[in-house]
Each structure stands twice: as structure tokens, then as C-alpha cells.
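You will see two complexes here that share subunit A, one where it goes with subunit B and one where it goes with subunit C.
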Partner chain A sequence: MLQNQNKRNYLVDFKLYFKSWITTFRGKVTLVCLIGLFIIPFITTNTYILGIFYTFMIYTIFAASWDFLAGYVGQVSFGHAIFLGVAAYVTAYTTRFIPLAFWDFSTSQWVIIGPMPWWITLLLGAFIAVLFGLIVGIPSLRLKGPYLALGTLAMSLILYEIFKMSSLGTLWSNLFPGTVLFGTNGIGQVPPISQDPIIQYIIIFLIMCTAMAFLTHLVKSNTGTIFKAIRDDETGTKASGINTTKYKIIAFMISGFIAGIAGSLWSLRISGVNPGIFQPIYSFYGIIMAAIGGIATISGSALGAFIFVFLGEFLRLLGDNPNITGAIGGFVEPIFVFSIILILIIRFAEHGILQPALERLQNVWDLVLGR
Partner chain B sequence: MNVNLIEELLSFIISGAIQGSIYSLLALGFSLVYGVGGILNQAHGAFYVIATYLMYVFIKDVAGLGFILGIIFGLGITTIIGGLMYLLLIKPLKESHVGVVIVTFAFAFFIEQIVGILVDKIYHKIPDYFLYFGVDPEYFTVLGVDIQYQSLIIIIVAIVLVVLTTIFIKKSKLGKSIRAVAQDSEAAELMGINVDKILAYTLMISAFLAGVAAIINGPLGTVAPHIGWPILINSFAIVVLGGLGSLPGSVIGAFILAFASKFTDSFIDPIFGALIPIVVIVVMLVIRPRGLFGKKEIK
Partner chain C sequence: MGIILEVKNLTKKFSGLTAVNDFSFEIHRGEFVGLIGPNGAGKTTVFNCISGIEKPTSGKIRFDGRDITGMKPHKIVNFGLVRTFQLVRSFKYMSLLDNINVSCLSPRGKKIAKEYGIDAYSSTILASVGLVDKARLPPVILPHGDLRKLQIGKALGTNPKLLLLDEPFSGLSHEEADVITDLIKSLYSDGVTVFVTGHVLRELMHLVPRVIAMHQGKFIADGPPEEVANNKIVLEAYLGRGGTFA
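Let's look at the complex of A and B:
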């Protein structure tokens, strides 16, 4: 009875919250952007354009997961590529090599139903990614200090080295002959989520919306308040009787799970994975997108990812153009440009560009309406 | 069989000592910066990259004087970049802890990309310095093991620099100010010490040590834009082993890590050699987070 009432209150709360949210300027802008994003596959099914939008949505999930951990819990991870990479590998492997089967007791053998559905491999990938992250996460989150940042970076670099190896060395090659972890080529020919680009687009779109809504809601909930308290004053939070280590590990797991989902989607989207995904450059991508939008604004990651993907694509096209390359040399290299942008953003606009951009937009809008 | 074992042991000891010397210079600077300013310098490997590339470019392009110019410019520019990085990037962000680590991380990428653009992105080798000056053969043989003169230089330079740095920190006026800032930066500031100046000097010392490590290790290592990352990870593993901010700890930790990874490389399996840094980090964080020589932190 009581539970039922709680549930109804909660639903009513949500309705009221949604109504008040939609009347704010920020809510309206978000809704317009989401609708705009949703109708894109119905306007064009050009593979190139849809591909850019897939990348944008997957990067948004990834950047938001980093932003949640760094911005709201104050734990900086420089190896978020661990989650991306492990989840991508697990998803690619299970989708391609492990069929969906069940143990038939009457005949005592495995009965194969068909290929593993994408959503099982997605969740499995994210789950195993979290387990990998916890190897460094648990010991370093027990302590104050910079251990998580460099511990995760070390983990991602070492996973890169290991996945790159052609065999597991002389000691283990008798047990596991051949290239066990698929070597530098990685796993290829992973079937996509759906052959229909529109369905695939909408599935990724819905996953992105769910992840963003979940994170936005989480940081506003009571748990989110504890996270922010840990970020602002860890000693004080501990003194008020909260087990900070537990909450830090929970936050790390949530962040890793969402980053893992991004990694799984990535391997399904580009139909394969190789060890390059563990390079620090991918962790850097997440950080740069979150920082452009503004650290500690979950929705800022979407703006950051949008700028990152489209500016990156523009720079890549510029770099391919022989007329321009002669004059500017290699300086249109996307990573080079983005490392400068990141330095400038952190140095001069630490709170990102989402908030100022929204304010400017509102001013313009008010001007248009003649208020 | 017996002779073989002696040869193997000798070459293991020598390679471990070389690696340990290089690591100790790198970890010393990394630990100093963390101990004095609480700054986690993600761009520590970038100093190494800058010095390596300057040395490579000068030796390749300038005939005759290339070696001397490489040393002068390699060390000079690296040291200056260390100081400038503090003044322009770290100092304005000192209040926000997240800002400092991100900005140094971005700076490391900036250096990685700019050397790739200005030079190129493929692997190179710096020629052996002794061969460059016409000393041929560039090695001598002890008990059937070829020892390069270069490795003796590495060990001697590392020992001299570690001793000099320790004396400098203990005895000189600047060293005393550095220790004062490390103990309590606010009190040091009240005593009239310019904390920002001290921190800039500390970063310059750290960059200088990384530059020296890069130059003496030059012919034995490779030249590629991404070589800074393993340097950073190994430095971190060493200071976790020795204790964050402890200088003797980082030297001893450097030799322990070097011998451990060389041992697994040559006697067990290279795959475990690659795993050593992460194993060291995780094990130390679980059993003794303050490291072998770190002070117990009062919370």
C-alpha cells in the first residue's frame, strides 16, 4: 500500500518536474535539439552523414560518463578508454563467436537458438568493462590523491600493450596457441545492430537519451548530493558518517558502465575493434568533449561532442585537400587543434561554453520576440 | 652452461642498472614536483620527448657541432619549457585540482602532436655517441659480455646527478626554500619565500632531469612521438613504490622496478614484464599506500 502510494507520488512528481522543465528556456532548447536529432534519418539516409551522427551520439554517452565522474564526484580518470576498449572487445567477441544457446536437460546438450542478440552483448560488455576498471578502481579510490588518474592511465596503456601482442609469450603459448587476443588486427566483421540504418539510428538515439536522462536524474537525486559533497569536501562528508569509499566506487562503476555501453555501441557501429581503442587518445577525446561543454554539466557533453565530431570532420576534410595542405602543413591535424582548444578552454573558460552559449541564445531569442 | 649463466647474469645486472639509472632521474623529478607543489605533472613524459627530439634533430641535421648543440639546446629548451609550463598553465589553475591535471595532460598531447608535425611520426634511432665521434668498436668485453661505453656514461651521469640534486636540496639556499614550501607552503609564503618562483624552479629542475635522462638514454632508446607515455607510467609506478614525494624512495624504487621488469623480461616472460608497472601500482596501493619510504599522512 505504502509502496504503491510512493510510486504514484513519484510519477506525479515526475509529471510536475517535466512540466516545469519544459517551460524553462533550457528545457525547450533541449527538446528542440532532440527532435531535430530524431528526424535526421527520415530526411536523409546518406551513410556518410548518418555515420557522423552515430559517432556524435556514441561520443556523447562516453563524454557524459567521464563528466559525471570528474565533475560531480571529483574523481578524474585518465583511462576511460579501459571501459571503451574492454566493452568493445567483449561485445565484438560474443556477437561474432558465441551463439545464443541453452542447456537442454532432456537430451543433455547445448541447443543453439541463433546469434547472440545485440542487447545481451551490450550489457555483458559494459558489465565486464566495469569489472576490469575495478582492478585499479578499488585500491585507488580507497585513498585520497592522484592515484585514480594515473592508475587508470597505466591500466589502459598496459591493456593496449597486451592486446597488441601476437601471442601470449613462450610460457603460455603451449596452453593457448596462436594469437589469443586477436593481435593488432583485432576482431572484424561484427554484425551491426540492425541492417536498417533508420532502426539502428533510433536504437542508438534512444540509448543516448536514456543514458543522459539517467545521469541528469542521478546527480539531482539524494545519491547525487552525496557525490557532490564528496567532491567539495571529502573529509567533511566522512565526518558526517558517510562511507565515502563506497560511494566513490559506486560512482566509478556507474560511470564505467555507461562508458562501456558507449564502447559496445562503438564496436557494433564500426563492425569491429582493434587494440588502438586502448590508447590514451580515446580517454583524451572524452575529456576534451566534456571540457568544451563544461565540466559538471551532463548535457554539456552533447554540445562538446557535437563540436568535437563536426569540427574534427571539417579539419579532416581540410587536411585531405591538397591545395590547403601545402600552405598550413600538418597543422590542421585534429588532435593537435583539439589539444590547443582543450588547453585554452581549461585555462580561460573553465566552466565550458554551454552555459554562456545558452545565455546568449536566450538573449537573442528575447530580442526576436521583442521582450 | 655455467659460463652462459654468468654471462646472462652479468648482462641482466648491467641492463637493470642502466634502466634503473634512467628511471631514477625521471622519477626524482616527478616525485619532487609532486612533493613540493602537490602538482601531478602528466606532461612529465613530454619533457623527455622534447629533449629526445631536439637531440635527434641536431645530430641528424647539424654536422660536427650537432652533438654539443643538441645537449645545450635539448637541456636548455626543456628546462625553459618546464618553467613556462608552470607560469602559463599551472599557476593560474592552482586552485582547481582537476584543472591542473587536465591541462598538463593536454600539454602532453600537444607536445606529442607537434613533434609529429614538425619532424615526423615514424620510429628513428639516435646514432651511438661514441660511433658518432669515431670510437669503434663502441663497446668493450668483460667475461664475454659486450658492454657499451654509453651504458657506463648513463650510470655515472645518473649517480652524479642524483648526488648533486640531493646535496642541492639539502644544502643550498634554494634547496632549503624548496623544502620549506614542501613542508608548508602557506608558512613559507609568510616567511617571505616566493612560492610561485620556487615551484617554477622545481618544475625546471624536474624538466632538466628528464632532459638529461632523455639525452643519455638517446642511443639506447627509440625516437617516436608517443614514447612519453610509458615514461610517465613508469615514473608513477616508481613513486607509488617509493612513496609520493620521497626522494630516496624514488631512487630506490627506480632500481627495484628496473630490476623487476628486466628480470621478468629475461628470465620469465616479456608479457609479465609489460605488466610489472600496473602490478606494482595495484599491490602497493592495496598493502602499503604510502609507499616504502613515504611519510604517514595525517588525515
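Let's look at the complex of A and C:
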């Protein structure tokens, strides 16, 4: 019965996995949605419409990174905007102020090639976010449950205040000359990924697909099993011989990396960043999106982000219409509506709407096919 | 045979309350030992100190020639000293297979499990505890007896040398308890040293060849079950002055 399974052909494994995935209803729906998303820029290059889709894809990555940490590892962070903001700042700063250069040994000086390419700044931003994942992760070993949530919330507020300053004071700048902050205006004029909207769209699309596929695969892997065990019973996991400390830090770093990618794309996409990105409201956006789709469903984040971004945009348009705001006042304010939606979701669909929605869709589909 | 576990002058205090007081004993490799005592005697605290869940106030614990006093629980597990809990602990929202997989993914469990493939190895463990037909179900829907079996399965995944079973029979019917008894006996015959607690004497007396008795955190007796059951101090601890076992 037992046989040696050390030799594996990963390509064959992947093909088999893909085949079995695509035969499921969920796989088919995902594929149709992805194809639909992919062809958008070939249908229209309207900046406004593409802009909404950029926001949707970036929020998907961000919400998925929160969902992974909270839903699969059980570490509820209320300061996830830390990773978003730090990576956005690093990306904006390196793109604007640090050119791509190499050290020429023959002349002993820096040779500047040109501006830093976007993908280097993106990775740099994500890696600094990983570093912050470590900084947030280490206190989390002592803090549990609500205290971790409060701790991360406080940390994001601290960063918000720090990045609002334009200088850290003479004491600091004497110690570290050349350190500058950018005050409330932040960094602007960051060049986009590409001037061609189609290329930019496809790049963000591919990054989103990679991030989602990575997270989906991760939570199904052996490491994912350990993460889920930590979520369900930490003491029990220790008693099974697992170093939970190590895995919790790894989880924070992975989540920081993914959220950092979202942050970097964010600053490249809106060509700049300001301290507002550290505000708790962005952390809550991520939580709302993940909760709408369903906590502990990575792909639910995509549905949640879709509803959040498009409904939010629709409400904003309604709010701009003086006839409507005159009639019902400020009740179309997005954050007001989403807070109510969040309360309703928690009360009536605590596992999110992805699973029920897929089941309904399958019923309708079966009906159409006459099964 | 050699000593596998040596506990010397173990003391554990909880802000003024002494739960375990100067407790010492030895277990030899391949032995099958019971730890008895009335409710609140400190059996679980002894287990918690040995397995690293709690740090002892004073005293030494040596396992397999190593000083493990105050070490982190996961390190102790990876030396081969594994415990189960009195209150059933399981990963509620994961399948039984994944529950076992976690143990098989620990550094010690992985050494063996890797050769066969983690899932295949976990399945054989599930089969050996009699849960293989429920491999895909989550623990939340299982009866208590199955959860007790799962606990033992989870411990087996880490390939233990010494197994500490904390009240493996609590909350079970006689039929269920008999199944667990058979399971523990088969483990013992496979060469695992087993150390088991219980506050109900009847089950343990028929199971183990040697029992250690404790009362109010203190050592009171050590020896074959018949001898300990007739020990005057043990009888007093359980039944009060002048009591006897029927």
C-alpha cells in the first residue's frame, strides 16, 4: 500500500491538477471570469473604466493577503495598511529619486543607466514590506486575538503620524544626514508601469493572477495545513511538534509580501503616495472586502473587491448627483453603505457570499442545461 | 533497559498554591506505567511540566539522557516525548487526515512520513487507530470516542518514544474505553513506552503493571496495582479514613 513517492514530476502533477480543477464548476467559473477580465482593455481603453478595474485588481491582492493571514493563520490584523503604505512609499521613492546605476571598478564611480525599472521598485517595496511583516510579526507572538488587532492598529497609526512629518527633527537629521520625509503631500509624479494602458492592464492582471494562485496553492500545501492548525488550536499544534513561532512569523512575512505588492502597484497606478494610505480606513477596506467574499476563501477576496469597488463607484456617482443627495442626504456615502453591508454579512452570511453565490449559480446553470 | 524519563524533585507553584510538591519518579524504557490520584491531585500539572506546556518552579526533568526542564513544547515533542490532553484538542475545521498530517509534518514525524508520502503515512496511522473510513470528515461532527482515538493518532504521527496519555478514558462509555484500551496495549507491544493518567482506578488497574500514586501534589506510592490499591495512604486519599476497595 505504501510506496516511495519521492520522485515526482511536477509538470505532470500540474497538468493533472489543472485538468481536475477545470472540470469542477468552481474552476470553470473562475476561468470564465479571468478570461472576461483579461479582454477588458481590448474592448475599451477608456481611462475611467480601466482605472476602476486597476483599483479592483489591486484591492483583490490586498484583501487576499489579509484573508490569508486572518482566515488561514488566525492572526487578525487591523493594521494591514502598514504593508500597503510602506511598500507604496518605497516604490514611489526609488522610482522618483534613485536611478538604476552600477559601480564601475575601472573609474571607481557610479554609472547611471537610467530610471529604476518598475519591477525592481515593486520587488523592493514588497521586500521592505516583508521586513515590516517581521517587525509586526514578532510582537504578535506575545499578543493574541483582540490584543493583536489593537497592536497592529496602533502600529499603523504610529506610521501615519511619522509619515505626516516633513522632518524628524534636527537630532535625527544630524545623526542620519540626508533622511527626508515628504510631509502630508507625500511623493508625487511617480511614472506609471507603462504609458500603454493595455500593457499596464495586462501586467497588473498577471501579477494579480500570480498572487492569487500562489496564495490558493499555499493554503492547500503542507505549510498551509500547519497554518490552519495554528488557527484552530495553537497549543495543540505545539503539542504536535510544530514550532508555531516560526510559522507565525513566516505567515506575517508572506502576507506582508503580498500586501506590499498591492501597495507598490497602488503607488505606480495613482502615480504617487501620501500618508493617508496608513489610515486605518484602508485596513478596514481590506477586511470589508475579505468578509464580503468570505473569510478563509482566498478567491472570495476577488468577489468582495469586485462588489466593493463597483458598488463604491456607483454610490460615488449617486452622491455626485445633487437631485439624489438632496432627496436622501448623505446616506449614499460609500463607507456608510459598506458598514451596513458588513453588519448584514456578519449577521446573515458569516461565511461570506462566495460559496452561496457559486451554489446558486450552479443551480441556475443546471436548470439552463436541463439537468 | 535504561531510564527514559527521570523526574527529580519537581515542584510547581501557582501564585501560592502548590500543585506539585517535590515529586520524583523514574520510568524505564519499554515500561507501561500509570499515574493515579484523585481529582485535583496534580497529575495534569505533572504532565504539563514534563511536556513543556508549563515551566516547573523547581526540579529537573531528564528525557532520554537529555535535560528537558523548561524547554519549549515543540522541541520536547521532537525528542520523542509526546502527550495527549485530558480535554480533547483537535483542529476543528480540518479533516482527520490533515489533523494527523500536522504531526507528520513536524521535524521528527517528517523523517519517517517523507519516505512514504505524508498523506499515505497519515492514512496508515488513521487505519491503526480505526478512523480511516472517516479520513475526510472534520472533528466537529465526530463522537467523543473517535476524538480520543484521533488524539492518540495525532501523537503517533510524531513517532513517539514515550507517550504521555492524560486521562484517555475520561468521558467514554465502557465499550469505547475498551477500544482505547486495546489501542494503547497494541502501542505498548509495538515498543512505545506509555505513561498514562487516570482518576478512575478500575481501568488502569487492569491495564498497567506498575502505578505511581499521588495525592495533593505529593508522591504517595509506587508499585504493582494490587499493592498500591491496598496501600493505606492511597485508600485514605480516595475514600477517606477507614475506606476499602470492594
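Rule of thumb we're sticking to: the second predicted complex is superposed on the first by the 345 of 371 C-alpha atoms of A that agree within 3 Å, B and C clash if a C-alpha of one lies under 4 Å from a C-alpha of the other, contacts with A are read in each partner's own complex, and residues count from 1 in each chain.
Convention: a residue touches a chain if its C-beta (ideal position, glycine included) is under 8 Å from a C-beta of that chain, and two chains touch if they have at least 3 such contacts.
Since the structure is predicted, the reported quantities are computational estimates derived from the model, not experimental observations.
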| item | value |
| --- | --- |
| First, second, both or neither for A:I226, with subunit B first and subunit C second | second |
| Partner chain(s) touched by A:T244 [first = subunit B, second = subunit C, both, neither] | second |
| First, second, both or neither for A:Q195, with subunit B first and subunit C second | neither |
| Partner chain(s) touched by A:T23 [first = subunit B, second = subunit C, both, neither] | neither |
| First (subunit B), second (subunit C), both or neither touched by A:L153 | first |
| Touching partner for A:L143 - first (subunit B), second (subunit C), both, neither | first |
| Superposed model, subunit A: greater residue contact from subunit B or subunit C | B |
| Subunit B versus subunit C as contact partner of A:T107, first or second or both or neither | neither |
| Which superposed partner A:T235 touches (first subunit B, second subunit C, both, neither) | both |
| Partner chain in contact with A:E333 - subunit B first, subunit C second, else both or neither | first |
| Residues of subunit A contacting subunit B in one complex and subunit C in the other | 235 |
| Partner subunit B, residues of subunit A touching it in the complex | 70, 74, 76, 78, 135-136, 139-140, 142-147, 149-151, 153-155, 157-158, 161-162, 165, 168-172, 235, 280-281, 284, 287-288, 291, 295, 329-331, 333, 335-336, 339-340, 342-343, 346-347, 350 |
| Footprint of subunit C on subunit A - complex, ascending | 1-6, 222, 225-226, 228-229, 232-233, 235-244 |
| Contacting residues of subunit C [partner subunit A, same complex] | 51, 53, 72-74, 77-78, 82-83, 85, 89-94, 98-99, 101-103, 105-109, 114-118, 120-121, 124, 154, 157-158 |
| Of subunit B, residues touching subunit A in the complex | 34, 40, 42, 89, 92-93, 96, 98-99, 101-103, 105-107, 109-110, 113-114, 116-117, 229-230, 232-233, 236-237, 240, 244, 268-272, 274-275, 277-278, 281-282, 285-286, 289, 297, 299 |
